[in-house]
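What follows is a pair of complexes built around subunit A, which joins subunit B in one and subunit C in the other.
Up next is the complex of A and B:
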């Protein structure tokens, strides 16, 4: 085994241990008295929660983990038996079904009931309904942070103040009440300083895909890389160490001129460089990934890895302005950007990462995120002159992943790119 | 003579097209995909090669100075007699398989079976007589329809068990159609066919002999369609049907900018540039609602032939509005409407409109309908579907030239063959053909 392989294993191993330890602590909340707060990935206020010593629980992460572990089909069926229609967001149904089936988390341990539901992002309207359902389930307090949408593509002072005021007047008091602890701004600042360090390294890793060959896959590999920072670990020392290690590993791959890791080991020749919009399918994640890697396609940039923060646009958590920085973070997530900003970002990715085209994976059960995707696709295509592809699947409902159809369309798209490259002749 | 072949392994039929050096279509072959792509591929290729020999034969007759009208009349008669010889060959295979079946050993089945097979053989002449109509060109369909009719007669007149006889046919037909006749068919049946003609002109005999002797070198092949992964071709020789349809439509109608293909299980909306290169496409995705199979299902529900649907729907006076294009719901929708007293023609017109509306949505998503617009696939043969499409295109996009080729079923195979030809021009082909052949491949 090469040195690089050993190092790769080190960061993965660390992430695994971090997750295992986190869920172990959650499972023992009843005994230890530790508090936990349910919240969502976009706009999560992890540093603030952790400054109250509260452990975050992220229902979307649990749902996608259930999808990857083959549990979501049964969970969704359980939710549908409860009366949730086929068209409801499958993350929601998977989560409700998991609760109905004993609330066992991804590591096989039971998740605690929430001490607080912190709805810290409102750009996805389903989140509101989801927590409404969970409030019924758990009969627990809810606090809502209304995050203004960047309708005009900018964050104004009034918007920032609006969020900061809510943090001060609603969110912090609710956290104080739920945890029995007083707000500690110094601790929050320390957490934020650690976040910024980890964010620097994450951005370096994601931008390493500008190299040719790219040492990473910024989508299929990317979802693992964003794990700690998008979920429960932002602001922790563990996250700082994880991203430092990860960066070292990627630096090594780069030095060795290696392409990304794929389900079948190191990737061979890099034949296509693509940008992807939309989340991956989780129930057939490996199969989906192989449809790319078998063709020599590397995802060099993706927007999904920005739903929990657009750090590559320059944003860093700033400990000197703790509440303002949290407000800016919430408003700057990819999901909170208006369509022109998304188009700008995608077109920029295609150009800066020297991509061959844009692929949209549109999610069947996510109406709010799928709206406008075709329009974005056309616009990016027009601006960059690179061919765009469109496929459809779902997050965690295996019924909506039609492998043959998706493969057929992906192959067609790759061949279309190739045909354009070669000016219409044979390969 | 160097040739390039494209093979389109579709869910319903498998098609092959043969091109010459000048990208001229010199042969076409089609067969049902019969859930066995390997055999379907062999049969379609063999048929395309036979068709190529007929093309060569026609050229030989021209060279011999035979006037076109006479040439065409000879070729028509010889073509029919050739099909008859092929049919007889396949009938002999069917007979052998049927009589070998364990269920055929008891006298109560064996005697009627032998009588049916004898009669099928006897009536072949009439089946392939000038002007005779056959429901299909596939052996399974022609033989099946005759066999079942004769089995009914045996049951009615001699008390044979119809179910048992039908069951024997079902067991035998798969094996029979999977025992394909080969590429040597032209040689084997060609002269026999000439011998069966009312008069057998010596110029024709000579031309057949010369056409048989032409060495057909397969310089390149490309495969496409749902079964393409089954082809023993190197990766380079497999192309997506989207690209093949785009290029094929461009070759048929060079002004094509938008292609709509409604096939058995998918619908494709494709935009191409002036060189036939695909610039954008959309396909039905999570569900096959509104594909050709929908009409097939409706035809079954109404106990009609697929080809009867369009003309019947064309007689509608007050088309009903139907929104659902779910194939499974279609039957319920149909019965509900009938029970409400709606006319069959009016319901059918509504169903046709529903599937074309779905295609319009795919077209819109792919970038709209540009001029010229080429419609391909099995549904392009349905007159009502075409007229609904025409009117919806006009309403939504204005006047567009709409191209429909009678050979549109070969669009994908033609595109594949063109890719094969271009691949050879780019320096790929012969060595890969050799490698594929060495690996036991078909080409």
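Up next is the complex of A and C:
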């Protein structure tokens, strides 16, 4: 086994241990008295929660884990039997179904009931309804943080002040009450400083895909890379160590001229470099990934890996302005950007990562992502001159993953790219 | 018991009775007794005028107003915008409620099949030039689809004023209130930059007065409908309210007076043995007029609803003295309806609907949401739970603004109305 392989195993192993330990602690909350706070990935305030020694629980992560573990079909069916519409977000229904089926988390242990529901209303209207629904399920306090949308593509002073005021006057007092601890700004600053370190390394890893061949897949591989920083570990020493190790591994792959790791091991020839907009499907994740890797297609940039923060646009958590930086973080998450900003980012990715085209994976569940994607696709195609492809699936509802249909569309799109390269296609 | 409702056996020729452009009800049900009478006379003339305004998707009245006044006209999507601000600056606020049953040619190319209908018809109206008389569009924060439509509008119509109206979800005056005040001021500056009059306190107080007068008339009509729904059938009230989306508020207030007077004076409007229901869930994409008529023909008196809610978002009068911007802010924070698009902080979900049912002496609730409407459909399980806790009968269905066949809905609503009547009788 090579040194690189050993290093790779180390970061993966570290992430696995971090997650397992996190869920163990959650399962033992009843005995240990540790507090937990349910919140969302976009706009998560992990550094703040951890400054109160509270453990984050992310319902979207639980839902996607249920999807990957083949549990989501039954959970969604349970929610629909209880009157939830077939038209709405399947993350929500999966979460409600999981709760009503015993609230067993991804490691097989029961998740604790929340001590606080922290509704960081960032970039997704459904979040608001989701926590209204959870409030009906649990007898616990709820605190709402309204994060304004970047309708004009900018963060104004009034927006920042609004979020900071809510953090100071609503969120922090709610955390103090739920945990029985006083707000400790020094500890928050320490956490934020660690976040910035991890963010530096994450950005380096994501931007390594500018190389040819790309040493990473920034979508299918990317979802593993963003795991710690988008979920429960931002601001922890574990996250700093994880991202340092991950960076070293990717540096090694780059030195060796290797492409990304795929479900079947190291990837062979890099035939297509693509940018992907939209979340992945989780119920057939491996099969979906193989549709790309079998064709030699590497995702060099993706927007899904920016839902928990757009660090590659330069944002870093700044310990010198603790509440302001949290406010700016929340407002900068990808789905809080307006559509022209999203188009700008996608066109920039296609150019900067020398991609062959843009693929939109439009998921039924997520109107925050999906509404407007067809116009975005046409705009990016017009600006870059690169062919765009479009497929449809869902997050965790297996009824909406049609493998044959998606594969056909992908193959046609790859053919279009090849025709374009050879001067054909008339685009 | 078969479905079909209390409209059965009332004679007629079996035709649906829907007028042109209303969509066929697909029901073979006769018009409910009283409907024909309600449509005749002076009230019928007002309703016909309002129906024409509603169906004029090219906004002829707005074009005429612009020619006459030289003012700006700015569109807004459901549910709420502070129209008083536009009015005070000499701008005509124009409510856009989708394209109804219009044929969609280009709008469908912008949306996946799992997204509701109103954005695709709105895009269609934009692309076919129907909205070219509008100098801008406002997109209130109600869901991700309408939110993203604001960005699409920026890309599709780059010369127009486009604003996402991020209404606060924090209702504390020192936080959400400060933010909303800033949004209002910023909107006013954007309008002024486009040639509207600068926002002045005196003008804004006058506008608040004008809209208070309008809201009072609407509240009175709602009360009259609750008391005597046969005098104010909802298929009429609905189009009268829709006319308020395109008319200057003063004209609409006069029209409301005219309608009320005519409806009260009409001796042919007599009560029927119908079930009293609240229809809820249709606050953004609006149901076809044919669907509203179908519910009434199926044996329902609609005694409260969520249609055209911009007129009713603020429950009472806005204060007319003092700082007018602050008064609008306070009205939004403290006196707006509990709504699926709003964070409900204190009260339990559904309590307000239960109260509305009680106040209107309704016997049941019809959940009538647009397909793929996130706010309504995500809300529904919680509201259903509240309604069930209160022991109120309910049924539910979905629609699209261009739904053309109502047979299934008619049977469902008719069965529901029948069962309410039977159940009520059994309890007596």
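What to note about this one:
Note that the second predicted complex is superposed on the first by the 423 of 427 C-alpha atoms of A that agree within 3 Å, B and C clash if a C-alpha of one lies under 4 Å from a C-alpha of the other, contacts with A are read in each partner's own complex, and residues count from 1 in each chain.
Definition applied: contacts are C-beta pairs under 8 Å (C-beta built on N, C-alpha and C of every residue); 3 or more make two chains touch, one makes a residue touch a chain.
Note that this is a predicted model, so its numbers are computed, not measured.
In the superposed model, A:370 lies in contact with subunit C only, and not with subunit B. By the document's definition of touching, neither partner reaches A:286: not subunit B, not subunit C.
Once the two complexes are overlaid on the shared chain, A:170 sits against subunit C while remaining clear of subunit B.
In the overlay built on the shared chain, the residue A:212 is in contact with neither subunit B nor subunit C. When both complexes are overlaid on chain A, the residue A:24 reaches neither subunit B nor subunit C.
A count of residues in subunit A touched by subunit B and by subunit C gives the higher number to C. In the superposition on chain A, contact is made by A:416 with subunit B only, not with subunit C. In the superposition on chain A, contact is made by A:392 with both subunit B and subunit C.
Overlap of the subunit B and subunit C interfaces on subunit A: residues 364, 374, 392. Within the complex, the subunit A residues that touch subunit C are 82-85, 87-89, 92, 119, 121, 124-126, 128-130, 132-133, 136, 144, 146, 148-149, 151-152, 158-159, 161-162, 165-166, 169-170, 338-340, 342-343, 362, 364, 367-368, 370-375, 379, 392. Those residues of subunit B lying in contact with subunit A across their complex are 226, 236, 239-243, 266, 275-283, 285-286, 365, 367, 419, 422-426, 428.
Looking at the complex, you find that subunit C touches subunit A at residues 109-112, 114-115, 119, 139, 141-145, 147-152, 154-156, 163-164, 166, 168-170, 172, 174-176, 178-179, 182-183, 186, 340-341, 343-345, 349, 369, 371-375, 377-382, 384-385, 398.
Remark: subunit A residues 364, 374, 378, 381, 387-388, 390-392, 400, 402, 404-405, 408-409, 411-412, 415-416, 419-420, 422, 424-427 touch subunit B in the complex.
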